[in-house]
Amino acid sequence: MFYLLLKKELFIELRSKELILSMIVFGIAIVLSFSFSSDLSRVVVQNYASGMFWITVLFVATLGVHRSFAYEKEFDAFSMLVTAPIDRGLIFLAKWISGFIYLTIMEILIIFPFFNFLMIDFPLNISVAVITTLFSNLAVMAVANLVSGIAMRSNLSEILLPILFFPLVSPVIIAATQISKGVMLNEPYAFWEIWVLFLGSTIIISGLAGYALFDYLVEE
Amino acid sequence: MLFVKNISKSFNRKKVLIDISFSQKEGESIVFMGKNGTGKSTLFRIIARLMSYDSGSIIFKENDLNKAKTLDRNKLFYLGHAPGMYHALSAIENLNFALNLRSIYIDQREIISALDDYGLSKEINEPIGVFSAGMLQRLKIVCARLIKWDMILIDEPFSSLDNDGVNMVQKEILSWKKKNKTIAMVLHDKNHAEQFCDRILNIESGIIKEI
Amino acid sequence: MTDFFQKKTNFIFLLSVIILSLINIINIIYNTPMIPDQHWAQKIFYVHVPSAWVGFLSYLVVMIFGIMYLNSNDDKWDNVGLAAAEIGTFFMALVLITGPIWATPIWGQPWIWEPRLVTTLILFLIYIGYFMMRAFGGYLERMKRNAAVLGIVSFINVPIIFLSVQFWSPEIQSHPQVEMAQQPSEILSPFLFSLFVFTMLYFLMIRYRIYVIQLNNKIKQNV
């Protein structure tokens, strides 16, 4: 049933392309804003690059996850899922994994503008950078989908979502930024190992909380 | 088949449903009537577990729906006011998804035939976002035809339908009755109600009364 | 207010808290030692740390009663959760005000990224969102459920938030007086007394707030 739900999420996005396109354009717009607003030397920007990247991801994730839940409200489509004889926690899991996929696609497409506009050097160890970024994406989307589930049925969901999401995701952003910084500066794994553990804890806690509590959130 | 006991529901402390209790036997058809805003749709959404309630219990096939495992809700099907489908998906994709959610996998020809019976065969591959209200209503009834349910909750099955649509839906409901299916409907037309139901229950001021 | 305190137990409780608080203030001003580097600024510690303790205790209460509300759907648990959220946020605001007041003479600037302060700030922001959700989030009964979930999610993240900030800037000095067990008795005893008084104050405030919320609900239901 999880695969059915995930397939539905991906299929709808493939059909409409609303989410990914808007996430990509928004991501590039943020990178552009960073380029215009940071009158810093290249060396300094290199040091701040990981922070700038994850702030971009944060804003884009907020947009994406809000839209992911908003289209469920159109035509009351969500009632089809909620009234179906399925484990409602699976809805959360499907949203989480599909969001992770969209976020990853967005990052793949903005990574070149990001590094080129800000004139940053690519990390030497690309494979480690990719794996750690994927892990961080998973953590970001776990928290994002959990918070979006909480804010989903409220009248001011587009305002409540960032207000609730940004504080709650702070440990993830700290960890992701530290890991990315370590990878960019080619630091040994032992230097940023602790942050990987933090991300792992967040993924487990947010994932379990979302799965367990989603049943209470989906009912009107 | 269904036992609803002392269901109460408030919105912003205003009681919409007050100790609603009724039961429905297998094969029985009940129509719920009442003025707008009396809580008929709310009651259906509560039974379908789409909406929470303040107190009471709902027993469907000897299972308390609040504590029931997901499979225990398998034979209860709900059709609300809104389409309850994805506007970006086509009719056939929505139907397949709804069926697959209930682990029902049927031949595509059967689905196309059902859509054809309701005059929707030309638009099977169009996203339903372009459908009119009447077409969406027909699509919902097609969905009800294909899904294997024992009890259905339909909220205003005739809304937005033209005469042809009304006739089709009437035939469909009568065929369900012949198959001894359990039907609960919200209707506003008493003529329709008397045509289909074994009992009429009226909800007024949050209280239920048999007419 | 008068109805609540007309009950004997509540009145005695109020009187006790007032007397204890006065003793606490006098104790802090006159009985606690003057730390050489920090002088009077250090006295804020006897308010700042107990406020943080009470704030976190309150948010723990929000989580516990959130779980109870989700299990039973009983409004009285939601009333306790709401009261705890309000009072907890009040004390957290106190922490965020007294923290910089203490920090400025000690560290030369009002804010540093000390893990406890940052955790407090993050929780404070989350609870501002909590109150916004309650106010604007739709019909009351649904928002009670969402608030319970948010209360649970917020508190289970506290250890992660705290540890992440601690590891983020280990070079940042923690509170000047953190290792309580190593403190001399002339600091430890007044601190523990202040902690006790603040906890009593908290229980008084939450009892009263629950009473007001229940009264408010009764009035709104009868309207």
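Per-chain numbering from 1; labels A, B and C assigned in written order.
Quick note on the criterion: contacts are C-beta pairs under 8 Å (C-beta built on N, C-alpha and C of every residue); 3 or more make two chains touch, one makes a residue touch a chain.
Quick caveat, the model's predicted, so the values are computed rather than measured.
**Student:** Along the shortest chain of touching chains, how many steps lie between chain B and chain C?
**Tutor:** Contact-graph shortest path, chain B to chain C, evaluates to 1.
**Student:** Let me spell it out: compute each chain's centre from its C-alpha atoms, then which one is farthest from chain B's centre?
**Tutor:** Farthest by centroid: C.
**Student:** Please identify the chain lying most centrally, where each chain is represented by the average of its Cα atoms.
**Tutor:** Of all chains shown, the one whose C-alpha centroid lies nearest the global centroid is A.
**Student:** Can you give the whole-Å distance between the Cα centres of chain B and chain C?
**Tutor:** 49
**Student:** For chain A and chain B, let me know how many angstrom lie between their CA-based centres, rounded off.
**Tutor:** Roughly 37 Å, centre to centre.
**Student:** Which whole number of Å gives the spacing of the CA centres of chain A and chain C?
**Tutor:** 32
**Student:** Among all residues of chain C, which ones touch two or more of the remaining chains?
**Tutor:** If we look for residues of chain C contacting two or more partner chains, we find 142, 145.
**Student:** Give me the residue numbers in chain A that touch at least two other chains, ranges are fine.
**Tutor:** Answer for chain A, listing residues that touch two or more other chains: 219-220.
**Student:** Considering chain B alone, which of its residues make contact with at least two other chains?
**Tutor:** Correct list: 52.
**Student:** Please output the residues of chain C touching chain A within their complex, sorted ascending.
**Tutor:** 70, 122-123, 125-126, 128-129, 132-133, 136-138, 142-143, 145-146, 148-150, 152-154, 156-157, 160-161, 163-165, 167-168
**Student:** Within their complex, state which residues of chain B touch chain A.
**Tutor:** Going through chain B, the ones touching chain A are 45, 48-52, 70-74, 77-78, 80-89, 93, 97-98, 100-102, 127-129, 136.
**Student:** Looking at the complex, which residues from chain A come into contact with chain C?
**Tutor:** Residues 146-147, 150-151, 153-156, 159-160, 163-164, 166-168, 170-171, 174-175, 178, 194-195, 198, 201-202, 205, 209, 213, 216-217, 219-220 of chain A touch chain C in their complex.
**Student:** Once bound in the complex, which stretches of chain B touch chain C?
**Tutor:** Answer in residue numbers: 9-13, 52, 54-55.
**Student:** Inside the complex, what are the residues of chain A that reach chain B?
**Tutor:** 1, 4, 8, 11-12, 15-16, 71, 74-77, 79-87, 219-220
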